[in-house]
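Got some structures for you, see below.
Two complexes, one shared chain (subunit A), two partners (subunit B, subunit C).
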Partner chain A sequence: MIEKGRISAFQMAIMMYLVVVGTGIIFIPGITAKYAKQDMWLSPILASLAGILAVCTAFQLHKLYPKQTLIEYSVNVIGKIPGKVLGLIFLFFYIRMNAGGIRIYADFVAGSFFTETPLIVIISTMILVCAFAVHGGIEVVGRTSQFFIPLYVLFLLIIIILLLPDLDFKNLFPVMGNGLMPSIKGAITPQSWFAEFLLTAFLLPFLKDVNKGRKWGLISVFAIMFTFVVTNLVILFLMGSITASFTYPLLTASRYISIADFLQHLESIVMAIWVAGTFVKFSVVYYAIVLSTAQLLGLSNYRPLVFPLGFLTMLFSIWGVANETESSSYNSTIFPFFSLVVQTLIPLLLLLVAFLRKKSGRRKPN
Partner chain B sequence: MINLYFRKLTNILLCICLCFFMLLLTGCWDRTEINDLALVLGTGIDKTDDNKIQLSVQLSIPKAMGGTQQGTGGGGSGKPTIVKKATGSTIYDAMSRLQEKVSRKIFWGHNRVVIFGEALAKDGIRKDIDFFARHPEPRLRAYTFVSTGKAIDILEVIPELERSSAEIARELANFKIGMSVTVKDLLQMLNSGADSAALPWLEINPTEGLRVNGTAVFKKDKMKGSINDKLTRGLLWLRDDVHLATVTIEPKNTKGSISFNLLRSKTKLVPKIVDGKWQMIAKITTEDDAVENDTALNLMDPKIVKDLEKQLAQRINQRIRMTLNLVQKDMRIDVFGFGEAFHRKYPNEWEKVKGHWSEKFPEIEVKIDSKAHIRRPGMSTEPQGIPKNEVKK
Partner chain C sequence: MLKRSWRKSEKGRKMQKTEYEKKEQDSLSNSFNNNVQNLRDIYKNCSDVVFRPFFIAGKGKAILVYIEGLANTEEIDDNVLSPLMQESTEYDDIKTLLKKRIAVSNVKELATFSDCVDQISIGNPVILIDGRATGFSLDLSKWEQRSVEEPSAEQVIRGPREGFIETLQVNSSMLRRKIRSPEFKMQAMEVGRYTKTKVIIAYMDGIVNKTLLEEVNNRLKRIDIDGVLESGIIEEFIEDNPYSPFPQLLTTERPDVAAANLLEGRVVIMVDGTPFVMIAPTTLYSFFQSNEDYYSRFLIASLIRWLRYFLVVMSLLLPSLYVAVLTFHQEMLPTTLIISVAASREQVPFPALVEALIMEITFEALREAGLRLPKQVGSAVSIVGALVIGESAVQAGIISAPMVIVVSFTGIASFTIPRYSAAIAIRMLRFPMIFLAGTLGLLGIMLGIITIIVHLCTLRSFGVPYLSPMAPMNASGMKDVLIRAPWWSLRTRPHFTGGYNRYRQPPDQKPGPKKGKEK
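Right after this comes the complex of A and B.
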């Protein structure tokens, strides 16, 4: 096997939590508020269905083809050439997704804090650090995520608690004033973030305790849903109708904190935790990209691919996106459907075909 | 053995290397030293005659700021702040002109106060508020005001207690004696369906310095008028913004007056649509302590207290009615948040009247249901300084 390292199901859950929340928490509240208005807290609940679906699909596929990743068993399921083409589609999708994610992160950091730092410096430093983690293998990525998660959750909690005095709970109403439709529309973008749980298909073969894989996957989905619901509610309570008019509502909210005139200007904490979260996110996706490429090409070691693919991701994120407006509109209009096809529908079809094949295959010897 | 020694050596070298890398952590593109910054404490925005913006900023002088903190009669270092101004077509445009006159980089992160000049407020403030929500430095926590005359005059006031006039304005807003509106609140008001806003009215009194005196009332983003201190109280009661208040009443059947200190109050706006008639019920509960009693009434008598509670509630009702008469009936501007309340409870009906809310709003029947509770008579029992036999039972 190409990867010698092993992680636990719990580590996988943490990695997946940061994969979704890492960039999601920067970007999702604003987009959700735009469509769902005061029902923005309902959208993550609806969107989490995509996560549950992805976890179950990945787990079932893994049960049918244990010890194999998505790239490997798609060849087994639909034949060599279609399987390789499908692998290429996944690869392209994840490189584009990671590049888009890094661009969100870079625009966020450059737009709010380092206005004079060139984008390429922000992007390349992040990719370089991720490259080292990926080079170290899955265990390193797993452990760094385990190291960051307590800080991540703690600081998020601190931000929320410090905002409590400024919250106005009346902003919640009217609940579903225009029916369920706005919150469904608001769920379209978050569902593509939740669908990233398909990445578990790349992690499951390396679990020490595979039988706990689905359980921890689902726990992770619920934890993310809970995080999004709480942050969306806090933002809604603070800003009400103007939420959608901010690019990064949670950052704006954290800048509003002022306790007794001295506990204020806390946004650098927010940035610090987001950098940590996005680092884990990019590392996990980066790892999946590197691993899939190696498996697609039938290599015996994935490490030589780490830096070239990192460079490719960097180019994608710089040349693939012209500006933040385009990035934001891509992520809220094109990406959700792209993701729906690649991360939800294709794996479901794959599972269906695999299921039918196994069934007919089992019948033959009889 | 040699191998072990070698490994130890590489470890030490690695540690030294890591320490060296730490030096690199300090540097980044956007490093700005604190002594290269000019901190903006307050911003004033005025209209010029040729329809441009005159931006005035109050900058802190670090040397003098330190001097005043040492206290004891220093003062030799001069004013702790300076005011600079420039004109431009937008705020940032004006700021770039301003930068030409200031040797340090103007930094907005500590801007606490935004003051709109009266003329500009009458012209509309919407186009000038965007900067404070878009640029990454200013904070939404900054308090907003409208000033009589020019905003720059307010910034130029030399304060007595505080270090700068911007600080005075901020502290006054913090007390919540009048309206206290942050940039965030202002954006919310302008964005709500009611299409109105209310900002505290700041004026200079030649002898007393700065003073928050009443409220400027906005229709859309244009100032339409102002209400005085007294009527502002009514506005605050309805908006549930009453924080620090004293209520003084002159009880019936006796001479003199009693002052109460308001401990807490809660206003609940309950919208109702009955047979197509729109009603608003304002439920107000307050808790007060007596702090001064120059009547002959004995505050230890439950009957008297009960009676006073009723008069107190009536007093609040009166205040609110006065405000409603002016703002709801005459000005026809919904600064009370009635629109939002109806939107929350009756989203479908609201959708229908949203377009012509300013016509619907004056027709709303307002019922005030206030309750006052006098919790404690204070540190004294019977009125002080009066012979016992004159105390009313």
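Right after this comes the complex of A and C.
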């Protein structure tokens, strides 16, 4: 097998948590607030359905084709040439997605902190660090995320706790004042983040304890849902109806913290911690990209591909996105449907075909 | 590429054998004169080798060969020469004679010249006898050695005060005194073509992982160099990643540390001629743990451990955090503090990055000078360091006072790391971190930290992940990393790869008033 490292299902859950939360926590509160208003906390719950669906699809497909990744079994399911084409579609999608994610990160960092620093510096340093991790293989990515998760969760908790004195619970009402529709609309964008759980299709073959894969995948989905619900609630309680006017509401919220004249202006620390989260996200997707390219081309080693593909991702994220406004509108209008097709519908179809093939295949010997 | 490296290794193997090595291959012959002549040729121009011909019981020709200063001449005179040379001695068979007359505990029969050379070189006198194709070595070596002292680099308040010395026999006996069970094994081997240094692999049979032991053995056997003068030379040959700044073997001078690690299932590598023994495998956390943690009360030990972790982070990050805050994130400091810092920096002509680099390099220079200096001029350096650099530089407005405080605190923090090899690695990484902080602020620091963590995640020490039990996570291992759990709850040994002897003690040993009354 091309990858010799093994991770545990627990590590996979942590990686997936940071994959979704990493960029999601910067971006999702603002977008959900735009559509769902005071029901923004309901949207992640609806959106998590996409995550559950993705975990189950990936796991079922893996059960039918054990020890294979999405790229490998799509050839087995729909034949050589269509399978390779499908693989290319996935590959293109993930490169585009990672580039878009890195652009979100870079715009966030450059816009809020380093206004003078060129974007290319921020993007390339991040890709370089990710390349370093991906070069180490899946084990290294898994262990790194395991190292960062306690810090990440701890800091998130600290921010929420420090915000507690400023919260106003009345902002929650009226619950579902305009029916369910706004929160469904608000769920459209987070849905595409949750659908990233399809990435487990690239991780499941390398699990030490595969039978726990689905369980930990689902736990991870619920943990993410919980995180988003809590952050959305906190932001809503803090800012109320003006939430939608901020691009990065949680960052604005952290600027709010001021305790004892000493604990204040924590946003730089928030940024530093988020960098750790986004790093894990980009590394996992980057790893999936590198692995699928190697498998598409039938190579025996994926490591020589790490730097070229990182460079490609960098170009995509600089040339593929014109500016922050375009990035934001792409992520809230085009990407959700792009993701719905590639990350949810195509795998479901694939599962259906695979299921039918296996069924008919089993009948044949009789 | 593969071919090239193969060729390289071929070339290396063709190392010439010296004429001595050729000679040493031969076995002893029946001709006494030939044997003596051969030995004399081998030890040509060695003024310290003594050849003492004599007659056994006035009849049989024999010769005694030893190295002056390594062999115990008094004992040779009393227990070997005088009984053998007595005319009244009955001499028919040398073997029975040795059994009857020679009061020496360990006598070995030698068949080849290389055996003879080995024995002579460690100080054992060798007897060659007319008419025999074998020689005998007598265990009568004695040489000057340092007395056992407390190691100055690893001091403790509570704990045994003895330390290893340069003599391997003494070191192994110190370990044997601590672990008396016969399950404590020591395998010896020789490394170094010229120095023929004795290396001992010590382990606990039944606790140690067999594959680990095999791996250590294999890696040691692969070494082919001319000399081993310190365990550091061997360390560079057997570590997993030679390019990492982090040490992958724990070195210690203390027998109690070595014994504790043996009982945890690790392998101890002892090298003759140095008080530093190496312990494998090791993890990052073991470099931040002092042996005293295990002897003092666990609450205090846990607190001190946390303090140490905090100081480790500080010694890596404090100067770079200061630079990042001053350069990019001034808003993070409370207003009064930033005003006083800004006031003290008013006259300073350098940006914070340059200021930090100047001070850090000065500090490193002072540290290095303090190490190398003869003791008599030590006070001169402290005067220069404290007065000239500390006070005058600030007064002259070249350096700001807060920077001096930051750098000195960082220095103190780095000296709290119990293992020097880890402390120096972290001290080295401080410089790239300062650069990153000066160019990209907190983002740069974070990217630097991520790079270090990724590197640590790729590192392994003899197959054990360097960051375990944190990543990959192992809950029972955290008991001895996050805190120092009390001894009665430290039931399991640290978990390395593969099958192992899991429990170190039975459960329910928590002391309490009830326990005493139980019947």
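Heads up, the rule we're going with is that the second predicted complex is superposed on the first by the 366 of 366 C-alpha atoms of A that agree within 3 Å, B and C clash if a C-alpha of one lies under 4 Å from a C-alpha of the other, contacts with A are read in each partner's own complex, and residues count from 1 in each chain.
One rule holds in what follows: contacts are C-beta pairs under 8 Å (C-beta built on N, C-alpha and C of every residue); 3 or more make two chains touch, one makes a residue touch a chain.
This one's a predicted model, so the numbers in the text were calculated from it and none came from an experiment.
A.B. asks: Could you check whether subunit B and subunit C clash or fit when both are placed on subunit A?
C.D. replies: When both complexes are placed onto subunit A, subunit B and subunit C end up clashing with one another.
A.B. asks: Mind working out whether A:338 is in touch with subunit B, subunit C, both or neither, as first, second, both or neither?
C.D. replies: It touches nothing on subunit B or subunit C.
A.B. asks: Which partner does A:245 reach: the first (subunit B), the second (subunit C), both, or neither?
C.D. replies: First partner only, subunit B.
A.B. asks: Quick one: subunit B or subunit C, who's touching more of subunit A?
C.D. replies: C
A.B. asks: In the superposed arrangement, does A:307 touch subunit B (first), subunit C (second), both or neither?
C.D. replies: In the superposition, A:307 touches no partner, neither subunit B nor subunit C.
A.B. asks: Touching A:178, do we find subunit B (first), subunit C (second), both, or neither?
C.D. replies: first
A.B. asks: Between subunit B (first) and subunit C (second), which does A:258 come into contact with in this model arrangement: first, second, both, or neither?
C.D. replies: It touches subunit B, and subunit C stays clear.
A.B. asks: Looking at A:126, would you say it contacts subunit B, subunit C, both, or neither? Reply first, second, both or neither.
C.D. replies: Second partner only.
A.B. asks: Is A:117 in contact with subunit B, with subunit C, with both, or with neither (first, second, both, neither)?
C.D. replies: both
A.B. asks: In the superposed arrangement, which partner chain does A:170 touch: subunit B (first), subunit C (second), both, or neither?
C.D. replies: first
A.B. asks: Pick one for A:355: touches subunit B only (first), subunit C only (second), both, or neither.
C.D. replies: A:355: touches no partner chain.
A.B. asks: Hey, which part of subunit C ends up inside subunit B in the overlay, 165-173, 435-443 or 453-461?
C.D. replies: Residues of subunit C that run into subunit B: 435-443.
A.B. asks: Just to be sure I follow: which residues of subunit A are touched by subunit B in one complex and then by subunit C in the other one?
C.D. replies: Common interface on subunit A, subunit B vs subunit C: 113-114, 117, 121, 264-265.
A.B. asks: Quick one: which bits of subunit A touch subunit B in the complex? Just the residue numbers, please.
C.D. replies: Answer in residue numbers: 111-118, 121, 170, 173-174, 177-178, 238-242, 245-246, 252, 255-256, 258, 264-265.
A.B. asks: Touching subunit A in the complex: which residues of subunit C?
C.D. replies: By the definition above, subunit C touches subunit A via 328-329, 331-332, 334, 440-447, 449-451, 453-455, 457-458, 465, 467, 470-473.
A.B. asks: For subunit B, which residues count as touching subunit A in their complex?
C.D. replies: Residues in contact with subunit A: 28-30, 109, 133, 136, 139-141, 184, 187-188, 191-192, 340, 343-345, 347-348.
A.B. asks: Could you list, by residue number, the parts of subunit A that touch subunit C in their complex?
C.D. replies: Listed in rising order, the residues of subunit A that touch subunit C are 8, 10-11, 109, 113-114, 117, 121-122, 125-126, 129, 132-133, 136, 139-140, 142-144, 146-148, 261-262, 264-266, 268-269, 271-272, 275-276, 279.
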